[in-house]
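Listed after this line are the structures, all set down as structure tokens.
After this come two complexes, each holding chain A, first together with chain B and then together with chain C.
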Partner chain A sequence: MTLRLPAFELLTPQTLEAAVAMLADPAATIIGGGTDLLPKMKRRQVTPPTVVSLRGITEMSGIHTDDEGRCVIGASTVLEQIAISTVVPPVLAAAARQVASPQIRNTATIGGNLCLDTRCNYIDMPELWRQASGHCLKDGGEVCWIAPKGNRCWAISSSDLVPVAIALDCSVRLASRDGDRVIPIEDLYQNDGIAHQTMSGDEILVELLVPRCDVRATYRKLRRRDSIDFPLVGVAAAARFDQTKTCTSARIIIGAVASAPLRATDAERLIVGRKLTEDVIEEAAQLAARPVRTQDNTDMGSRYRKWMTSVYVSRALRDLVVEDA
Partner chain B sequence: MSAERTVVGRRLPRVDAMLQTTGQLLYADDLNPPGTLVGRQLRSPHAHALIHRIDTARAAALPGVKAVITGSDLPITFGILPVSQDEHALALNKVRHIGEPVAAVAATDAETAQRALALIDVHYELLPEIVTLEQALADDQPLIHGDGTGQNIDRTAALEFGDVDEGFAAADHTREDVYLFGGNTHAALETHAALATYGADGKLTLWSSTQVPHYVHRTLAKVLELPAARIRVIATPSGGGFGGKTDPFSHELVAAKLAMLTGSPVKINLSREEVFYAHRGRHPVLMWVKTGFENDGRITAMHFKSFLDGGGFGSYGAASLYYTGAMQTSTYRIPNYRFEGLRVFTNKPACGPKRGHGTPQPRFAIESQLDQAAADLGLDPVTIRLRNLIEPFSMTVNHLRITSCGLRECIDEVVKASDFTSKHGRLPAGKGIGLALGSYLSGAGLPIYFNKMPQSEVQLKVDRGGGVTVYSMAADIGQGSTTMLATVVAECLGLEPGDLTMVTADTDLTPVDLGSYSSRVTFMAGNAAVEAATKLRTRIVQAVADKLETVPEDLVAAAGRISIAGDPNSGVSWAEAVVLATAASGPLVESGSYTAPKLAGPYKGSGVGISPAYSFSACVVEVDCDAETGIVKVDDVWLAHDIGTAINPLLSEGQVEGGVYMGLGEALFEEHSFRGALHRGPSLLDYKMPTTLEMPRVHTFLIESEDPEGPFGAKEVGQGPLLPVIPAVANAIRDALGVRIDETPITPDKIVAALRAAGRREPARVGPTTVPKFKFPDLIRVAPPEGFTTS
Partner chain C sequence: MSVGSSSIRIDAHAKTTGEAQYPGDRAPAHALAARVVFTDQPHARLLRLDVAKAEQMPGVIAVFTGRDVPVNEYGLTEFDQPVFVSIEHTGRTKVESDISRWEADHLALVVADTDEQATAAAAMIEADWAQLPIVADIDQALAPNASLVHPELKLDSNIYHTYKIRKGSIDAAWADAAVIIETTYELPYQEHAYLQPEAAVSYIDEEGRVTLEVAGQWAHEDQEQIAHALDLPVDQVRVIYPAIGGAFGGREDMSLQIVLGLAALRLAERGEHRPIASRWSREESIVGHHKRHRGRIHAKWGADSNGKLVAVQSEAWLDAGAYNYTTNKVLGNCHLGQAGPYEVPNAQIDSHAVYTNSVPGGAFRGFGGPQAAFAAESQMNKLAEALGIDPVEIRLRNAVHDGSIGITQTVMPAGVTMLQVIERCASESQFHQPLTPAEPFSPFASLPPVEGDLLRGRGFACSFKNVGFSFGFPERCEATIVLHGKPDSPTAERGELFHAGADVGQGAHTAFLQMAAEATGLAFENMTGGFSDTSSSGDSGSASASRLTFMSGNSILGAAEAADKAWRNGDRPAVGHFRYVPPPTEALDPETGAGAPNFSYGYVAQTVELTVDRATGHIVVDRVVSTHDVGRAINPANVIGQIEGAVVQAHGYALSERLQVENGRVLNPRFSTYLIPGIGDVPTRIESVVLELADPNGPWGARGMAEMPFMTYAPAVVAALHDATGVWFDSFPLTPDRVTAVLAQAAAPSSSGR
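Here is the complex of A and B:
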């Protein structure tokens, strides 16, 4: 092993209260499965002196249905468990099955997936490479190499589950010393590669709350290889239809094209009140892709990913079409 | 004495299979003698810079640091080819690419070594970065090698065989096309690693994951200024090479030097990122090819230009350059042929040999162009190829001696098995099928440095209990060379491969084999082993014949006995025979060797491309393309390979499948690409190799043409099967979608771009359209071999 972890102190609280107390220390960082955090530590992108593992907190792991019929997924639940679950909405299980590789899914947690750091091929690189390129904005430098004239970071929100969770209108429970709060998961993200999450550093994502699923929903992921790869674009869509197959509500979320999942509100508005004919789908797909500004910061160029955004939105919408019985 | 073959041709597992699969085989990084220090190299973050000063005092003062060295500690240059002695173990005065080693430390542990590197201050003066072909050809840029400014040309080639202008004049149809083969790298599973010890007896030992212990041995002697007799190099079991471990490397020299300075064992294990910087992978080659055809598809002449981006050092580049021009003629009969080639230096990691060395690039170009020409002439892809097929036992216009050749049978097999003819042009939208051919060396005809000694030697020793030990420097890099040696020796002696003890790849213990490159080991070490084993058998059979009062001609060595032919239970056991022979004629020690026949044609550069025998392959690929996303799924690959004789069909099929895998990776995924001088992603997440999920069904056909000079008729299989895979994919995509992607890798974005261009009524193609205006040197005109007809 030539890539080594920097030294750190590992804390293993057994209760949420203990974890919350430990996280009051601003130097402490949460670790779930570590599939995102540990490689970054090895590459010296981050070197937290204290790492707090949530794995010992039993109530944070597992899936159950609460009194309101919501499916509650503990943040420490590993993705493989979600992938094979018959309790979670099928679209969430399907998205989980498309994350990374079997080995990673057996370790990676949903908490880590929902809090996955944004990615960019100027930052997720070895140390010498980052030195050679000149450390970028997210890496402690002065400029974002993707858009050197701007003043923000363009790293990409790359989680497969986040777009689905937003499409399903999920909420998350966050815990800190100041107590619990439940917020719509959509409000957890903002379009900035560095400050991509709205939660504060001392908050723990405790669980994902999935409302009773009465929508038709789908997730379409584009990647080059059928395993391992992050999404080049990921589209989650969920909609309700009345008896006449007219769409009554819709959510279309595009992942991996910005620093936060992008909601295609124009396209959503277009399809509500209509039937999902091919023409409507095409128009919605064009509308959805229009504001997308992909950058050249992951595999394949920005132009291709922009093209694929409309292709994938239309594929997702086609999945929602109610077939004749 | 004749006998049926009993071992050759059987599907036996590798002789080291159990050790390998149970983890008992020790790789370089598994070796940890007591007191081993961790060696680490500091690497340049700059692509092109002068080094003014290196301050190591702070690093040396760090507790736990045992030695710190820089370029001035190892000032002697080296390089794999005698004509390219342009590398330093640690950069001296100048760095030429990002990731070039500039200093090194040995420390008690990895953390200390890492911290020490951070304490070394290097004062650089930045120079302009030269990263493209155009920049390299500008005459106002600083020289990457040498002082001052000028064109960064490594070397050029310009050869003409026959009369190309006349050939074009005789053509009914000519095509000019431009292709780009993108660079890619080996990405062997095992990263490079080396361990060095320097004993109190003044002997240096280096264990290294290398394909070429002999060349590493010579390089250590040169750079460390030690007598070769005091150096021992052991090539450890290998987690893959593919040409990536065929150069002597900085970390090998540095580990040795640090061991000498500290008196402790020193180990250096490269990280994945460092392997990407060490590279020596496939050259990116821009190619222009003009070919003349008669109306029936027959080629009248070809003019081929190649432009190689060599990166920062020579490495094998001089050979790579000639290889991009040498083997166009070995699958098709090209009556008049002109080759002009150029290799430039750029500020990127050095390119070198990768499976197929310098030939997959032109193979991609000419097989793509043949399909285009076939379409122009209204021929199908099979017909145009058959019309031009090389003949067995013939000479090519550039003086390659072709012996056995089963190419026609290869085509027949894959065309039939894939149902190519009824599918081509007729599959449903998005589905397509493509064909391509290839051929490769069974060993380079000449050694890397000029000498008249054998290219391979094998020794055998028999102990008094009957145990046979085989000694050969051939390095098993996963291709199964040790099993091959055991098999041919066992066949000669009537034993089982597993009965033998194999001692390989150790410069102290084993006689020279030049190394595992150019697909030479089966042919050359195999022949040496047959010679040694035949001598041994002769002595043993003679002793038994004397004892049984018969003649050797009546005896056979089979199933562990020396018996009378036709009566397997007669005679004596192998062990008894060994006792008889030792008593009769003394120690049972024999040797054999192989030297290739003199094959080089009468011109400079003729050393590249010659081989005692050539393998041939034909490949059909069927794809299923998504026209919206450009994603290509390969459903089936049919690959027929003329192997001469399959000494072990199981291992041979493994080589074919591995070649298909690697070829598909190069065709569709893998790209050693750069943003300026910066590698785009030196990791296995960013460097996209296919996974098992991308691997199609592979239908392998081994064609046995029994080469008259090969051991038991065998030729190579390690590299050749890769060659036709890449153009077959390109041709299949053309059949599926009507687009030509004349540039590898054929990634989804290129396919979609070509389809969109077609939608705008522009050419349905992605690829380069021009080559740099470059004045090649005057052509060396070479007369074709005697009796060769150029019309």
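Here is the complex of A and C:
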């Protein structure tokens, strides 16, 4: 059966105020590039009667530096623009380059990437399929087919940019009828496959605020192929070092192993105050992987993905090691 | 000279600009839309089928089911599949047609004004089923009390076809072996993944023929199968192939041909003459057509201390799925290939086709050869390792040559060039120079430059593949050439070639015209073609089995000679027709496998160099040297295109493509989860080395070549991976999780190392 879009009304506001007003309607859903939303609509995972496109709002697109030296990325900026940008921190550009394919990066927006729905082998199937196997929790059913005994959804947070944005301690500006608010991006996510975001349905993510980048940072993405694969594990790490190469602050964020990006706080604590020797890196990698509970809900098995979490954390930390001049 | 030059393909402009018309582009605006309804039942008996509600839906013109089909059976080699699963028998069907044996068996065809209406109506079809035990895979099929997928065959198991080879005495021979290697290999499915999903348009043409515009590989065979099911004389059916978006064996069997032909026939009887069009989605395509067979080969090989083979014992099982398709033929190739291109004094080989309720196995580039080559070449590489003999050297000591007695106890057809191809491949790839160690690099976004974890390795494999179906099959190929020019002129001004051979994207029609120009002495530009229409061309046979250039070239040579004779007789235009029949072949003896099954072979050897990240299991293939004897490269650019394309396709087979099938259902029928290689994944360098050692029967010496590059790739990759890691991999695809798991197992203290 050829998958076709269900009927919907497309609204194209030209100003943020107009968009905010349209989103007061609970039946309205935001569309950025549509690279995630439209396939989901074709599979009837969501069937919003009204879709509000943000692409006509010119001030929501583009990258600039504000008075505080922060890099401000409008939510409608396409990923390719970020990938080739010399203004954004190189690690963010590098992560953007690893998303999907050139065609998708030229359409997909950063707003959509930061608000990307969680993914799972069961839910991301055509409607007929889901009917036949029985609807899962995220699909309005009673059970999670991945972990039928529990009562939560294990769908995976699969954005490549979110772990990096958290590692860089970015913030986001959200707009709604009640006005604007700026929150640390870390607070936007929670570890639940269904309610994976804390923002409310009528809020628009307007922009990403990237603080002046004075950290060493890296992003390592595990996938099967080099072409077009979602992350199976994504590790973003950022740290500062003093003159003696001792780590003074650290963030290690693991993507694609839970319904929200996981912060490896134990490993962060371990490396702060130490030099990144091989022993320290190995210990930190083990610590980081310990709480990870991967499920068999994406490509390649859960055991492999958990195992690779430690490999990828150690590789990410090695990237941060300050070489001798 | 037309032959031997890389003429620009005649379809290049249209395909680059998008003007080329594929079957899905052929539907006129007023065409009706048809939707095939699959049973969605891997194994069940139909108890009730009610289409009344569907017929009442808006826009619906008709709903066709088994009761509308004159002869409710079809199949390329055996009529073992119902056109529609149905309760109402026509009395002219061999199979029990009320049983669905495959999730993609057809239940009905809904025809409506629009596709949306047909889809909506399809959902209103009501069917009740009694579930039958699902025979999910080879293990279940061979279990002692297994349910039978085809009880009507009255066999005592699901094994329905077996080939044997009994040559010399293996029992006595094992005593002469210095080394014996015994392994069970597991071979995965592969999806063809052609660009163009199944599509077709049907109508009654101006001469009253049921006409199909569709993509296939053998127009006259399609025509015959349609005529059989519709109970029409063959000449009342016409099959036309517009542009074809890839095939690789995946279009040898029926998809939309019969059901859309049926709709055209029945609707015309009701005075409805609008054309009928249908197009499958990618998911329908992957669920709804056959795959490269999954299978298992258990091989035991022995060699003496000089590396000479003393005995080969081998047993293979191919999962045929629910219907035969071309399994019995594919099995024949797999059978022959299990002893490799080697002289083997003693052999015992058994190859079985096994029915299950899984997706049918069928033709796919290499036709059973790649599965056999994986086992045979892995065995050879393991023998070389165990004996401490170089992998090239051990092959040179065993490979067949002119005059060799093949595994079927007859002399190999003349023109055996295995030794030359092996030697050339070894020298071109500098196989005996030390391999440079891995440099820290990152061609792969997820393969970071971590020096300590990167290992390099190099592997070698060689193989052969028959040209044509053969095994006694009555091969033939027809061509017609028409020469135009002045009555008093000694030479023609221009020529036309009529040929049914399918250009599935490989450039066949360009090669045909090059050969026709060469044979008639006309310039390439002055030769035009009328192709792939059963109403204007004779039977060409299939575009498969690496046979088309060989067969068509010979047919064209004969037609040119006949046309030239007619020209000299004064005919204007001068018409020459020729039907080429290659040297005869034989079916194998059922007990000993003795016989002369083939008239020609193509030979291949490959060196693969790779880097593996032992911590993550990622593999990057750095270099492939693919060496072929093609006899004569009619169009060298297209030959290289076939080599590079086959290597890339084999790369997916070896490394990333994993079709998940559980309980008779394909679980990942989409390219987001069935992962074919992208441009970032394919080998960094593919070097094509082309030898032109003429085949004595080939046109201008040409041999078939397009399947051969596929044959050796997976075993060469596994050999290179062993060279890098010291560990053998007996199953694939070599996905990172499998690679790390096998490496970890080998490193575990309890493991013997293999």
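Keep in mind that, in the parts below, the second predicted complex is superposed on the first by the 324 of 325 C-alpha atoms of A that agree within 3 Å, B and C clash if a C-alpha of one lies under 4 Å from a C-alpha of the other, contacts with A are read in each partner's own complex, and residues count from 1 in each chain.
Simple rule for what comes next: a residue touches a chain if its C-beta (ideal position, glycine included) is under 8 Å from a C-beta of that chain, and two chains touch if they have at least 3 such contacts.
Keep in mind it's a predicted model, so treat the numbers as computed, not measured.
Chemist: Kindly classify A:Gln131 by the partners it touches after superposition: chain B alone (first), chain C alone (second), both, or neither?
Modeler: A:Gln131: touches chain B, not chain C.
Chemist: Output check: A:Arg225 vs chain B and chain C. Expected answer is one of first, second, both, neither. What do you get?
Modeler: both
Chemist: Using the superposition on chain A described above, determine whether A:Tyr304 touches chain B (first), chain C (second), both, or neither.
Modeler: It touches chain B and chain C both.
Chemist: Just checking: does A:Gln98 make contact with chain B only, chain C only, both, or neither of them? Give me first, second, both or neither.
Modeler: A:Gln98 contacts chain C only, not chain B.
Chemist: A:Lys275 in the overlay: touching chain B, chain C, both, or neither? Say first, second, both or neither.
Modeler: Touch status of A:Lys275: no partner.
Chemist: Mind working out whether A:Asp319 is in touch with chain B, chain C, both or neither, as first, second, both or neither?
Modeler: In the superposition, A:Asp319 touches chain C alone.
Chemist: Classify the contacts of A:Arg55 with the two partner chains as first (chain B alone), second (chain C alone), both, or neither.
Modeler: Neither: A:Arg55 stays clear of chain B and chain C.
Chemist: So which bits of chain A does chain B touch that chain C touches too?
Modeler: Shared contact residues on chain A: 2-4, 121, 124, 126, 132, 222, 224-229, 299-301, 304, 307-308, 311.
Chemist: Where on chain B does chain A make contact in their complex?
Modeler: Touching chain A: residues 43, 45-47, 98-99, 110-111, 114, 191, 269-271, 273-274, 628-631, 669, 678-683, 685-686, 688, 690-694, 747-749, 752-753, 756 of chain B.
Chemist: Hey, which residues of chain A end up touching chain B in the complex?
Modeler: 2-4, 7, 121, 124-126, 128-129, 131-133, 222, 224-229, 299-301, 303-304, 307-308, 311
Chemist: If you look only at chain A, which of its residues touch chain C in the complex?
Modeler: Residues in contact with chain C: 1-4, 97-98, 101, 121, 124, 126, 132, 220-229, 299-301, 304, 307-308, 311, 315, 318-319.
Chemist: What part of chain C is in contact with chain A in the complex they form?
Modeler: So the residues of chain C touching chain A come out as 35, 40, 115-116, 119, 122, 279-281, 283-284, 443-446, 448, 450, 615-616, 656, 672-673, 675, 677-681, 735-737, 740-741.
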